[in-house]
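Chains: A, B, C, D, E and F, in written order; residue numbering restarts at 1 for each.
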Amino acid sequence: MEDIEHFAKAMKLIDADGRRLDGRKFNELRPIRIEAGVLRRADGSAYMEWGGNKVLAAVYGPREAHPRHLQDPARALVQCRYNMAPFSVTDRKRPGPDRRSVEISKVISEAFSSVVFAEQFPRTSVDIFIEVLQADAGTRCAGLTAASVALADAGVPMRDLVASCASGKIDGVVCLDLNKDEDNFGDADCPTAVVPRTGEIVLLQMDGHLTSDEFEKAMDLSIDAARRIYDLQRDALRRRYSVTLEDILKESPPVPSPMQPEGRLPSEDDFGPEGI
Amino acid sequence: MEDIEHFAKAMKLIDADGRRLDGRKFNELRPIRIEAGVLRRADGSAYMEWGGNKVLAAVYGPREAHPRHLQDPARALVQCRYNMAPFSVTDRKRPGPDRRSVEISKVISEAFSSVVFAEQFPRTSVDIFIEVLQADAGTRCAGLTAASVALADAGVPMRDLVASCASGKIDGVVCLDLNKDEDNFGDADCPTAVVPRTGEIVLLQMDGHLTSDEFEKAMDLSIDAARRIYDLQRDALRRRYSVTLEDILKESPPVPSPMQPEGRLPSEDDFGPEGI
Amino acid sequence: MEDIEHFAKAMKLIDADGRRLDGRKFNELRPIRIEAGVLRRADGSAYMEWGGNKVLAAVYGPREAHPRHLQDPARALVQCRYNMAPFSVTDRKRPGPDRRSVEISKVISEAFSSVVFAEQFPRTSVDIFIEVLQADAGTRCAGLTAASVALADAGVPMRDLVASCASGKIDGVVCLDLNKDEDNFGDADCPTAVVPRTGEIVLLQMDGHLTSDEFEKAMDLSIDAARRIYDLQRDALRRRYSVTLEDILKESPPVPSPMQPEGRLPSEDDFGPEGI
Amino acid sequence: MSEEIVSELMRAHVYRLASTGQRLDGRALDEPRKVSLERAFVKTAEGSARVKLGNTDVLVGIKMSVGEPYPDTPNTGVLSTSVELIPMASPTFEAGPPRPEAIELARVVDRGIRESKMVSMEKLCITPKEKVWILFIDIHVLDYDGNLFDACSYAAVAALASTVAPAKSLGLGDDFPLPVEHWPVSVTTAKIKDRLLVDPSLDEERMADARLTVTTDENGDIRAMQKGLSGTFSYDEVKGIIETAQRVGRRIRPLLQSS
Amino acid sequence: MSEEIVSELMRAHVYRLASTGQRLDGRALDEPRKVSLERAFVKTAEGSARVKLGNTDVLVGIKMSVGEPYPDTPNTGVLSTSVELIPMASPTFEAGPPRPEAIELARVVDRGIRESKMVSMEKLCITPKEKVWILFIDIHVLDYDGNLFDACSYAAVAALASTVAPAKSLGLGDDFPLPVEHWPVSVTTAKIKDRLLVDPSLDEERMADARLTVTTDENGDIRAMQKGLSGTFSYDEVKGIIETAQRVGRRIRPLLQSS
Amino acid sequence: MSEEIVSELMRAHVYRLASTGQRLDGRALDEPRKVSLERAFVKTAEGSARVKLGNTDVLVGIKMSVGEPYPDTPNTGVLSTSVELIPMASPTFEAGPPRPEAIELARVVDRGIRESKMVSMEKLCITPKEKVWILFIDIHVLDYDGNLFDACSYAAVAALASTVAPAKSLGLGDDFPLPVEHWPVSVTTAKIKDRLLVDPSLDEERMADARLTVTTDENGDIRAMQKGLSGTFSYDEVKGIIETAQRVGRRIRPLLQSS
């Protein structure tokens, strides 16, 4: 919402029946599809479609941290680089990091630092790359959610997956998972990431205008959604490794374990009925 | 004066009585106030008001020089960074160094290199930071003068303090210590820094138009002024350490020696009658 | 030709007699003058005039490669930096590398990597600097040709000199060595560099529109021209060292061998009848 | 800022103190340091304020100029917030382009001001689509002793409240004070193990596991939040931190409003 | 990309295979890897295509805007091609400004499209000297398994062919597809000792001595060439590589043309 | 440029020589090296000059274009001076953005020309507030053998004196030579211990304690000065250096004026 003022407050975002512009109810997520293991070179990867968002995440590491003077002798560095493709937004974005992406990279790095068992890999870095290919609000939540699957796909030891979803306020109503119009013309946005099993909050940002009560409603919606997203993450991982198993049975010469199964171009058909 | 042409030569800078726009005589300094030891984190610091200039100087070191390949095995590096705050000038200055500030940083670094006993601290750097908070011509002289006090406050061994003042020519008259209008519409400016006790010249720049005689008049004014400024520098250091002494006597638990006395926000009332 | 569209196709580049705008035949080179050993600080150098091009080349090394992490333990790095002076083109070029010069630097570096005996000098770099002082199309060929002489002048062990010339197509005719107007309004340009004695192609680029037959005609022209340029390169080196010999005989105290003879400012008179 | 290692002993000591409601400098857990404020410190700026929060010392200057609005907000002024973490302020700050810490700091301060609608940016439109006022908030950190989020926010709010638009010199009518409509106050809480400390000093900040900055307005409504560091918060902790931020904010707001 | 050392043994093995017309992945020497193509992958772009060439995975998005022409080409649109070799795609790619490899890649892809006159840039002039369409070709490499030259070129060509100019939203008449007039196809050959391999995989690319990229149009005419790496080619080798590029190009072109 | 260590023995030798009025290359202490000058070296520039001062070799090109004046000088042309210390010229120069040495050099050369009012910038105004001539002085150092301040200044002055404004091609009337009104000459003196040497060679420069550049005009008046290096000067030394600069300047000026 930052950098954009509300110049068209007249726009009606919720109709008389409480339906949002895209037909969703206040507590409804946009369709979500996750696929694990989509890239060949990365140690782990995931592709995610979330409403109009298309996001890729890749993980390399733990690997030797470069440059050396950044190495932490006690633990792995967990470093995220969130990046938007120039064509992922309506007005072309110039390549390279801007201030917004630097901030998002920082808070996502911090979010994962609390769940990765970094002490097991001193002097290394776990490098997380998030590429937003098509943006429709909520890209940091989508990126974080995909990156969590990519970390698991890379076999990085973690306490648990992290799941993320924003809630906000539009036309005075607290709603889950704002899309782009709702974010631009809404009253508040509050991205959250949690460790679903413990309820620990690892990322929390908010801008806009919420009373304490509204904030709690928003958090309740986000935490509940994170649990549903957590199931989709685990489904994606389960599917990824069962597909591999089938492939092994089909092909005669067994694939050596350190080798990645071949990455596939995700297509609409690849995604099962787990989309919401 | 560089980058600015004289588009309003009609402006009269000296009146019939030989008084300048701000009422000063040709050999008069603007009011000067110096306070030593105003920052807590820096090893040494000083705050200076000089006419409309407000300048802070801080010193760190001698400390290990970074990056290592810059270390001089024979002596300390004396490195100054002169910087103007974006709001210190009428038209906002973009943050970060411009060519002017790079040059000023270089000549101030060189000026202090001749007085610091750099051979005593090989492989280290003595880092001098000058921040111009409000600018009114003569900021490099003010910064250098304040930095000299900050070096002493940091306990960096030096041959002597350095004092600095510019002279110039306005309406054809050689004058001491030009203010901003005089600098913009004047004929020459000649910033000078000296070691007052020996008369050694450690910084000398000039632009404009001076005959040899005029140059010597300007230098005479600057060198004389530097001696007066030198007294103000020593006063500031004397005050700084006597205040500390009083504080120690007032408070019962003695402050451990490595700890800095608490920095104070300079206010108008802090400055004694040493202002000229 | 890139970045420039043909907006004046009406321009006639070849007249009824098959003569080009500057009077040349299709297979004629522009006047070429080469002088070796023109700079004092560089380990080797050459100055070249080629039509309206004026190009300097200098070589340093083999010397320790910096920064260290770039050192190749098995061989010398051969690194070229091609640069255009801001005033070398009609519209002032901003100082510093642009994308075009980065690409040209890369392909020239690669071209020399195949002829320098890099294995003899592990962990070092051979640094080639090409400065275009005045540009008239074909600067990369001129730079490469001059740099080859500079490498020899520096005594860098090489399999052979490299010689370079472009061919192209103008008004539908395949022609050698396009000048600036021909390049801007022509149909194709194909810069080539070869090892003349073996015919090995070390640099090859092309843009425009050529049939296979036209391409072969262009290559035939370029390869033939390279042989003529090779003779001029060797003449320049021969002249350089014979001049040195004469100088030694003239002056009584013998110049110690590691010292460079004094560089001279090339003037029109310095160039002999080897210009074509 | 992790380049200075704080011993585990020190951390244990601070934690033991906090477990009994005490802090190194004698404050209560929910007690911010003393705020001192000097307005109009810089005459070359359209507005300015120097704030000391304990020994953290911050100077903010506001410059105004006239320019084009963003195409998607043709009727509103432009707000731009920058932080320079100059090496004068700390041995851990380096010269050069802003690093992620400085960028996050600038953006969090900016969000508090922007989202609270402290300044009515609509009133800073001169000619829709063509000419609007541009507000530059430049934050200069002079001495760093912890909790820049709150110190910078207080200085920015106070500086804006003292800003007079230089309309006359630009031929745009009479000079006028900025149209201030709301009063955001940022309150930052650090977590050390399971203890929460308001307005952490540098020593406390260095050993903190997590950090939460909450900006509330004069109604106690939340306008911006930012969690930082690699630790986590429980939902209940977040609720408690918000309540504290509302309470502390109410005490600090009058300081910023007085002129 | 030389930071990974490939053993001489492996190189010898690949060379022995090539000497008998074989390759590690079973292809013939002049056989490119499978090309798969997904158009309109990105809805926020005016055109886009994702291409997999074997395991090399590339996404190209086309954005269009309106701006001023270059002074020396007042009647033609502007074409701008960028490559980001994002660190996601390979452990050897680093974040930061484009390095020489990325710049060369962008320029070679650009030349193939520009010199073949694939898109009629004259038709993208709106008002001579004042307003023309600007075409941004942004190449995002997602997974790097060799031969980016061809993969990026195919994705750029397919993306351009699927691009619709957003004229309506800019008040410039009806939306229209880009005026595509030619179909350049890039074919890259690598040389290992004296053997030539079309469309080298990453393993082959790492041990190659020289590389030649030839872009031909639908008539088999040459539109752009670029030699790379420190090895050399004989004139006869170059002639052979051009013939192969024409032949392979004819097989790949229909894939890019189909919509 | 301190990366090369000069032995103390060499320094002692040069000092002993200087104490008897001698120098390594046989010059007198106040004798500059031979200046050779070639004008109009670069045809693509509006003016140019290549100067050799001993073995220091410098090429300056002048480019002119038309643009807006600075708001505070609406009636005067714009002058912009850049130096590239290209790595060709010395093993101690590195590619990349200008370092402090290059910036100081450019600014000192610029000041000598600007402050002497060599070129009447008021006459380079085309339409007040709107259109003025912009003069780019680009200094390209080709071979570095000491005392760039003077070599670059001579080349810049000679290049400006040979510059013809390309008015015709821009539809601004007839081409005209730059309105040159004064003739600044820069003379640099180095100090080794207590000895002063005019126009130091590289060997001398490396061991110098202090440096003073004095630019005087045709009346002997001082137009710019710049002290450099970490050594100091006495007031009397400065006076002596100025006298020498006036005397040497008188000898060099005709060289720059001849065309």
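Here is the rule we go by: a residue touches a chain if its C-beta (ideal position, glycine included) is under 8 Å from a C-beta of that chain, and two chains touch if they have at least 3 such contacts.
This one's a predicted model, so the numbers in the text were calculated from it and none came from an experiment.
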Chain pair equivalent in interface to C-E, over half of contacts matched, among C-F, B-D or A-D: A-D
Intercentroid distance (Cα basis), chain C paired with chain B, Å: 52
Approximate Å spacing (C-alpha centroids) for the pair chain A, chain E: 31
Length of the line joining the C-alpha centres of chain B and chain E, rounded to whole Å: 58
Contacts with two or more other chains, residues of chain A listed in rising order: none
Touching two or more other chains - residue numbers and ranges from chain F: none
Category of the chain touch graph - line, ring, star, complete, other: ring
Running round the ring (origin chain A, first step to chain D), the chains in order: A, D, B, F, C, E
Chain D partner contacts - residues on chain B that touch it in the complex: 39-42, 52, 54, 56, 58, 60, 63, 81, 83, 85-92, 95-97, 127, 129, 131, 133-135, 262-263, 265, 267
Chain A contact footprint on chain E (complex, rising order): 36, 38, 41-45, 48, 50, 52, 55, 57, 59, 61-63, 65, 82, 84, 86-91, 95, 97, 136, 138, 140, 142-145
Footprint of chain F on chain B - complex, ascending: 1-5, 7, 72, 78, 99-100, 102-103, 105-107, 110, 113-114, 190, 195, 199-212, 215-216, 219, 223
Interfacial residue positions of chain D with respect to chain A in the complex: 70, 72-76, 100-101, 103-104, 106-107, 110-111, 114-116, 121-122, 212, 217, 220-235, 238-239, 242-243, 246
